Every structure is written in structure tokens, then in C-alpha cells.
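For reference, the structures are reproduced in the following blocks.
In the two complexes below, chain A is the common chain; its partner is chain B in one and chain C in the other.
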Partner chain A sequence: MTVRQPEVAPPAAPPAGPAPGPPRRRVWGDGRLSALATAALLVALGVIWEIGSAAALWSSEILPAPSALFPALRALAGDPRFWADAGRTGVEVLGSIGFGGVAGLVIGVAFWKAPLVGRIFEPYLVSFYAVPLVLFYPVMIVVVGLGTPSVIILASVMAAIPMALNTWVGLAGIPPVYLKLSRSIGCTRWQQLSRVALPSAAPFVLAGLRLAVVYALIGCIAMEFTTAQAGLGYRIRYLYDSFETTPMYAYILVVLTVSIILTVLLAVLERVVMAGRSRS
Partner chain B sequence: MTTARVATDAPTIRVGDRRHAAFLGSIGLAALALIGWQIASGLVFVIPAPLATVRTLLANLTTGSYLVDAQVTFQNSLVAFLLGAVIGGAAGLVLGLSRWARIVFEPLLIALNGLPKIVLYPVLLPIFHLSGAKVVMGLLFALFPILINVAIGVRELPPVYRKLARSVNASGWQTLVHIILPAIRRPLLTGVRLSVSLAVVGVVLSEFFATRRGLGRVVLQAYSSGDYGNMMATILLLVSVSFVLSLLLWRWERRMR
Partner chain C sequence: MTDRGIQIDEVTVRFPTPGGEPVTAVDRVTQRIPERSFVSVVGPSGCGKSTLLGVIAGLQPATSGTVMVDGRVVTGPDRRVGLVFQEESTLPWKTVTDNVRFAMQIAGVERSEQRRRALEAIELVGLTGFESAYPSMLSGGMRQRVALARSLALAPSVLLMDEPFAALDQQTRLLLGAEILRIWRRTHQTVLFVTHDLSEAILLSQQVWVMSYRPGRIIDVIDVDLPEDRDASVVSTPEFNQLQNRVWESLRAESLRGFRHESAVGT
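For the complex of A and B:
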């Protein structure tokens, strides 16, 4: 029996990006500096953008000034079509996160229990790591039809893959003594999984969830952008095709803001959970 | 960051000499998928059968105009990947080495990585025009995996490596080539693997949107004209190219210690 490292880890972890991981020293000092610097960078960018627009370095047809976007954003807030688009994208993203997250968790546990099955699937999961799956979208439309279901199915698969790989790696990394202990005190299999194994793998599961959310969002928007009848991604394309630049930028800004908020929320969630762990 | 480190140190999934079983299983799985495809094509008549698709693909590959499209897509992907690798690698190096760069840019980079970047395509179009915008989009897709992996790899280098470099008076370049690059080869290769297929995806998604030539345009045109055989064949080509590339890189990566 050769002992092998779980090769799933590298593919799973990297796109996780700089994961706000377990205990860091100086978190607050650096954190505050980071927040300040980020705010300063964003403000500087906004100022350059505004000045450039005012000085007519580029035409407002191509890139409208930020000050022109605020009225457009306000107009969006009162526009029922915008809320219909946002609602559809929201349903798709939430549905994909739900289905993909649960499926990924179950698959990760199954791979842990039956490593051979995991090994069999591994090359495919690693190669179709989330984003390239978008290429199958035209096939999905032909088979399932143009509409929410085909987006949700594909985005769920995209979300499930990082979730499954991360869960698997996390579970495989549990110190064996935890499992031995749980057996020796007579835990049922369910108790072993829910009280010992999953909590112990929590950092990986959470990292997987964060990726699942990111990929669900990226997938849904990208697919809508390719072809759809509604949704934020679709509307950006539609507005582009009809030369409505200012509302298009307002939509783009909304999508960017929502995804940044999601990323930040998940990072905070992860940090809170990790802090709770290290305290207990 | 921590995720990556913990993971590589993590205990093992024991399969040992069942490795061959896993390999055979993977092939079996592909065969099953193929059979599933065949059955599905029998049930739903719009899906062309696997054999017919391969035949279409082969016929396509002897057509001059299709080859031009394929060449455009793969060339653009290659350029996007190379630029992404160079820029991402350099940025990752700076981010890994300098604590200040990390403090200032890390949150923005994390946020950018999580964006659905394709929505920026309409922004890129007027700036880089039809021919350049898709390369830039591919670059944006390919950039982050390398950037993040290099940054993490460099940050987690044991400090003694850099002390050694200083003690032998290595120049910056020598330190980079002889110490840093070999030490981070694994995360670097992981980044390269992800970036290669992402560059293809970025370029093809852009071609779905607007372009003059390229396989993405072929797919969408075939879709809208109901030529599903051609559509399937082109998707098969794109998917198999990125699948084979990333599989080869993955196997190389696994062998590397």
C-alpha cells in the first residue's frame, strides 16, 4: 500500500484564493489598513474615471462618468423590469447554490467513504473544474430548453464540484484518532459524521461553500450572457446590442457590487466560524 | 492560503495499489457516459449520436474555413494564457514578497477573482476592439489562478530559503530562478493548469458574444440555425482540447514532488 497525498487539494484550494483562513496574528491591524487602502484605491479610481470623463478623454457613449451612473442606478431601483431580471438571476443563483452545495457535500462524503469511487471520478472533476462547464450550455439549451432550469442544472454542477472536492479533502484530512474516539464511545455512523467528521472538516467545507457561491454566480451570469430571455447577464447583453450604454453600465455595476458583497459576506462568515473554533 | 497548506500536509486517502483499478474505473466511466449519450441521442432526436458527432468533427477539420476558426480560437487562447501567466506570475510574486502590496491590493484582488468577469466584455470591446477584446477577456480569466497560487506559494516559502539566498549573495534574478521558482513549482503548476482551460473558456465565451471568427461563433451560429450536429462537434472539440490539456498537466503535477 503506497500512501498518497490527496491530489484534490491543490485544485480545490487555489481558486479559493487568499482564503481568510484560520488564526492570523495582527488580523485587526492589517485588516484595518487593508480596508482603508481598498477604500482609497476605489475612491482614486472613481476620481480618475470622473475626471477622465469630464475632460472627454473618452466619449460618454463608451464609458459614461460615474456621476452619470447614479441617476441611472436610481432609475433602475424603480424599474420593474430590473427587479424581474434580478429576481430571475437571484432564483437561479440561490437554486444553484442550494442544489450544488447539498449535492457537493453528499458527494464529498461519499468519496470519503468510498475512496475508489472518488479516484474514478477525480480526473473528470479536476478537469471540468467549474468554469469550463459553461461550454456545455448550448447543449443544455437544446436538451432541456431555454430557461431557468437549464441554467440552474449547469450552475449546480459548477457549484457542486468545488464543494465535493473540498469536502473530500477536508474529511480525508481528519486525524484518525478522532474517528477512533468516536467509535470507542459508541457513536452511530450518523453521529460520527455530523458531530465529529464534518465539524472537524469545517474549514474545508466552508472554503468549498465559498467557491460554490462564487461559481454559481459566475456560471449563472455567464450563461445568461450567452443566451437567455431574462436575467441580469442577459440584460447587459441586450442593452449593449441596443446601444443603451448608461443603463448597461448601471447593470454591470449592480452585478459587480452584488458579487463583491457576496464575497465579503462569505469571507466574514468563514472568519467568524474559524474564530469560534479556535476559541473553543 | 491556509487551505492550500493544510491540504498538502493532510493525511492521505489510501488507495495504494488500487490505483490501476481507479484508472480503469475512470475509463469505464467515460465509456458509460458515451453509452448514456448514445441512448440519449436515441431518445431525443435533436441530439446527434456520438459517432455522427465525431464524423462531423472530422469532416469539419478538413474544411478550410473551420480550420481558420479553430486557429483563431486556439491562438487567441494561447496568447491570453501566456500574457495571463506572465502578468499573473509577476503580480503574484510581488504580492507574495511584499507585505505592503498584500495589505493594499489583496482585498480588491479577492473581490475581482469572484466577479463574473464576462460582464466586463462590453466594456472591453470599445477599448480593445473585436480582435483584442477576447484576448483580454481570456487574459482576465487566466490571470487569477496563477496570481493567487504564486502569491500563496511565495508567501509560504520557509524563511530559511531566502536567508540562504542572501547568505550566498544571490542576485534577485538568481534567487528567483534557482530558489523561488523551484520551491513553488507545485502551486505554480496548479495555477498553470487552471489558467490554460480558463483562457480557452474566456476566449470562447467572448466569441459567443461578438467576434468575427472563432469556434465560439461557430457554436452559437450552429445553435441558432439548428445545426446541432455541428454545434455538438465544435463543443466536443473545445471540451476535449481543454480536458486533455488539463489532464496532462494534472498528471504531471501529481508526479512532481
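For the complex of A and C:
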């Protein structure tokens, strides 16, 4: 076996790997394409909707034309009652995301730190996941009373469950060598969690947050729908009951827009956190 | 005390097993590594090489016995001891520079100092030009260099390497081996290098320890009297072959024993 080898390897002659440039550009291109496609799709849908309404393919009482919705939306913008409803729902949704997200994160970390606790409580958490928690709303009303707190409590529970499970799974899947590394360089327990463990589990935590946001929104709107006295969900139901179709659709559009904005914000956050991480 | 280097004194590590009979991974090992020398440990897989390394690093408590690094008894992880792991240990969410700086941040090194030492270490391992690349853009060999740079940046007096090339292909191993030698000649840390590759061990070190399979004892110590400024071409010299045969002789019986044992456990 003759191995001739220069004693100093050329420093910048590494085995070929993907160059830092191209992948990033491709992602950008993809992003622009999908944004364009979404816009085109929305416009096309609007056009079909407008034409269908104009041709009276369906009654304007069932589905008013988009052109009729815009004045209704403008009217909402100047309506203090709308802002009161939107404010209440906004507080509920943000509160649920906040409380549920933090509670879920803490529970996930606790399950990871104390595997025994995790093993004991995991089945309940998972089965809670499958229960439509909205069912407990009447109970909450009896206990806490009608109003914002009862909605926030239940929606927080709904949001916390996927957050906790995802955080836990993410932390449990950390390569053991990361923890060995953090010990060997003298990390404190808090540094190990905040500088190594949570960043390593971030993709899972983010997936959990995504679900938490969706669940919080669904929970709040659905509970307002059933029994509340104010809020966007309540107003949609109220307008439905009183056959005010056009403003009802305007409200629905507002809720849709809010959910889209939340989704986009999460996607941005994900892009920031996942920078450089595509190790496929 | 002015006794620098590593002093291993009657170290024993036992692990409990589900079967009840504890496994003795390291059995009464007493060795000394003089300051600034490069020692390799070879042995069959499953012997206590990595465990012994863990004890010196302060990550694995010894059942009995003590280890002293630079005259101080090891009781836990210590920043004078740098570690390079076998597994992929670069953090994928940090750039090369931030990975190298990470250990210094935890150690509380001043910011400007962090940057200077990080760039120095990156240059030393030959990764200049990749400072702001993420690990996912690098090859396995380059990621191991990043891990090495992270340890070197802390300027440890002792460097422990646990089969750092195990996951790499043969060509990259050889290249990195030459790199390690080049770096060691510049920094001259006290190095303990764990490997199962005999030629790698002889190529790199001044002394090779042969470890037995359970209980893990150092059964042979072979001084490598090859020139210190050797390069990979030394592999083809008769002296090298002689050394290799000598180590293999000590190791063969042990490897066979380990192999039989693991096969028996497997069935």
C-alpha cells in the first residue's frame, strides 16, 4: 500500500459539496412563483364569482357578488360595533396563542426533563387531542361565566396540546451528542435548554406553534359562535340568524384575512428560524 | 503541583446491566501522558476506549481511581480539556464562525476576542472562505474540522478525540490525519486520540496503547519512534510495517475475543 500524501492538505480543496449560492436563489424563485400563482387564483375566483352573481346563477341572498361585499366591508371599517367585536376576538385569539403556546412549551420541556412524568401524562394529552374541546364550553360558562375568560381558557387548552406534544417530540429527538457537547463546554442547565436543546428542536416547536395558532383561532370563533354575546364569531351567527347575508360575508372575509395574515407571519418566522438548516 | 499532562491512576469504570452482572468497561488503568505528546488508544470495538476518554473529559464518573489533568483532579467537565466527538456535533442552525464561537461564548470570552480567535481557528483547520457557511453546505470532513476548530479556539491544554474520523471515507481520513498532525505540530497540545484504525494510530502518535476487550485494560504500550515531522508517506516504510505488525499482534487475540463475544450476544 503506497500512500503518497502532501503533509499539508490544500486548505480550500474540500470534497465537493453544494455551493452556498444556488439553493437560496431557487427558494426565492419558488416563493415568487407561488405568490404569483396565489394572486392569479384569487383574481380568477373573484371574476368567476362576480360573473356567476351577475348572471344570477345563484341568488344574491345566498351568495352576494364581490362587488356588493366591498361597500359592506367599507361600512364595517366605520362601524364601532365591528371594532368592538374585532377587538374582543383579537384579544381572545392572541391571549389563547400566548397562554397556550407558553403553557405547551413549558409542558413539553417538563415532559422531556422528567421522562416519567411524560410517560404518565402522555396518553391523556394525546386523547385530549382527539376530543372536541368546544364541548366543554357550557361547563366553562358555568364555572367562569360568560365572556372572554372562558373562551380564552378553553382555546388556550386547545392550543397548548399540539404545542406540548410537538415540543416534546422535538426535544426527545435531539442528537445525544449535542447534550454531550453542551456539558463538555460547561453549559449551565438553562444554557443547555436555551442555547442547544430548544434551537435544535425548533422545527418541531414551530410546527407545534402553527397548530396552536390554528386551534386557538378555531376555538375562539367556534365558542363565540355558540354562546357568546360579542365577537366576530358571535356577529357572524347573529347576522346569519337575521338574514343579513351581505354583512355576514363581509365578516367572514375579515376572519379569513386574519387567519391568512397569521399564517403568513408564521411562514416568515419559520424562514428566519430555519435559515441554513436544510440538511437533506 | 507542577505535574503537567494527563495522569490516569487506577481508574475503573463499571456499568450495571439489565442481566445483573456489571460490565467492567475500564479495569484498573494506570497510565501517564506527558505534556505535549500525542497518544493513541486502539482496541476492539466495544472495549472501554471511549469510556476512558469520557472519564478524562469529566463526562463519565469513574467507579474508582482518579484522573489528573495538569496536576488537578478531574471532577467534571473542564475547559482546559477540548473534546472532538465521533458523531456530527456541529450545530446546524449556526454558521461556521458561530459554531466555533459557541464554546467561547459559554466560556465568557470577550466578544472581539471571540471573533479573532474564531477566525484564527478556522484558518488553522483550513476552512478559510467558509466562515459564514452553514454546516448543511459542508461535507462530513469539513464539519469535523469545524468541530475541531471549536475545541482549538478555547486553547485547551489537552485535546481528546474520540474516533473523530469514524464516519468519514478513507481518503478524507488520510487527509484529515495529515491535517491533525500539521495542527498538532503548531499547537502542541497533549492529545489522546481514540481510534480503531492501526495505521492511523501509528501515523499520528508518539505512543500507542492497546486496550483489551472487557475488562478494558491497557495490555500493551508501544512507542512510535518515527520522526516527528513524518507525513503520510511513512506508511510505506519498513519501520512503519514493523510497528503495525507489532500492534496487530497485541490486538489480534483481543479482537477475536471481542468478536466472538459480540457474536454470542447477538444470537
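Going forward, the second predicted complex is superposed on the first by the 247 of 280 C-alpha atoms of A that agree within 3 Å, B and C clash if a C-alpha of one lies under 4 Å from a C-alpha of the other, contacts with A are read in each partner's own complex, and residues count from 1 in each chain.
Methods note: a residue touches a chain if its C-beta (ideal position, glycine included) is under 8 Å from a C-beta of that chain, and two chains touch if they have at least 3 such contacts.
Fair warning: this is a prediction, and the values are worked out from it, not measured in the lab.
Undergrad: In the overlaid three-chain picture, which partner chain does A:178 touch, first (chain B) or second (chain C), both, or neither?
TA: In the superposed model, A:178 contacts chain C only, not chain B.
Undergrad: After lining up the shared chain so the two structures overlap, which partner does A:216 touch, if you call chain B first and chain C second: first, second, both or neither?
TA: neither
Undergrad: Please determine whether it is chain B or chain C that touches the greater number of chain A residues.
TA: B
Undergrad: With the two complexes superposed on chain A, say which partner A:93 touches: chain B (first), chain C (second), both, or neither.
TA: In the superposed model, A:93 contacts neither chain B nor chain C.
Undergrad: Contacts for A:157 in the overlay, against chain B (first) and chain C (second): which applies, first, second, both or neither?
TA: After superposition on chain A, A:157 lies in contact with neither partner.
Undergrad: Looking at the overlay, what does A:37 touch: chain B (first), chain C (second), both, or neither?
TA: A:37 contacts chain B only, not chain C.
Undergrad: Touch test for A:103: chain B only (first), chain C only (second), both, or neither?
TA: neither
Undergrad: Report for A:259: first if it touches chain B alone, second if chain C alone, otherwise both or neither.
TA: Touch status of A:259: first partner only.
Undergrad: Based on the A-chain superposition described above, do chain B and chain C contact any of the same residues on chain A, and if so which?
TA: 1-12, 14-19, 175-176
Undergrad: Per the contact definition, I'd like the list of chain A residues that touch chain B in the complex.
TA: The contact residues of chain A facing chain B are 1-19, 21-22, 30, 33-35, 37-38, 41-42, 62-63, 112, 115-124, 126-129, 131-132, 134-136, 138-139, 141-143, 166, 168-169, 172-176, 203-204, 207, 214, 217-218, 221-222, 225-227, 233, 236-237, 240, 248-249, 251-252, 255-256, 259-260, 262-264, 267.
Undergrad: Using the touch definition up top, name the residues of chain C that touch chain A in the complex.
TA: Chain C reaches chain A through residues 57-59, 77-79, 81, 83, 85, 87-89, 91-93, 95, 102-103, 106-107, 126-130, 133-139, 141-142, 154, 172, 174-176, 178-179, 181-182, 229, 231-233, 235-236.
Undergrad: Going by the contact rule at the top, pick out the chain A residues touching chain C in the complex.
TA: Of all residues in chain A, those touching chain C are 1-12, 14-20, 175-178, 180-187, 191, 195-196, 199-200, 202, 273, 275-279.
Undergrad: What does chain B use to touch chain A in their complex?
TA: Within the complex, chain B touches chain A at residues 1-4, 6-8, 10-19, 21-22, 25-26, 28-29, 40, 44, 46-47, 103-111, 113-123, 126-127, 141, 144-145, 148-149, 151-152, 186-187, 190-191, 193-194, 197-198, 200-201, 204-205, 208-209, 219-220, 223, 228, 231-232, 235, 238-239, 242-243, 246-247, 250, 253-254.
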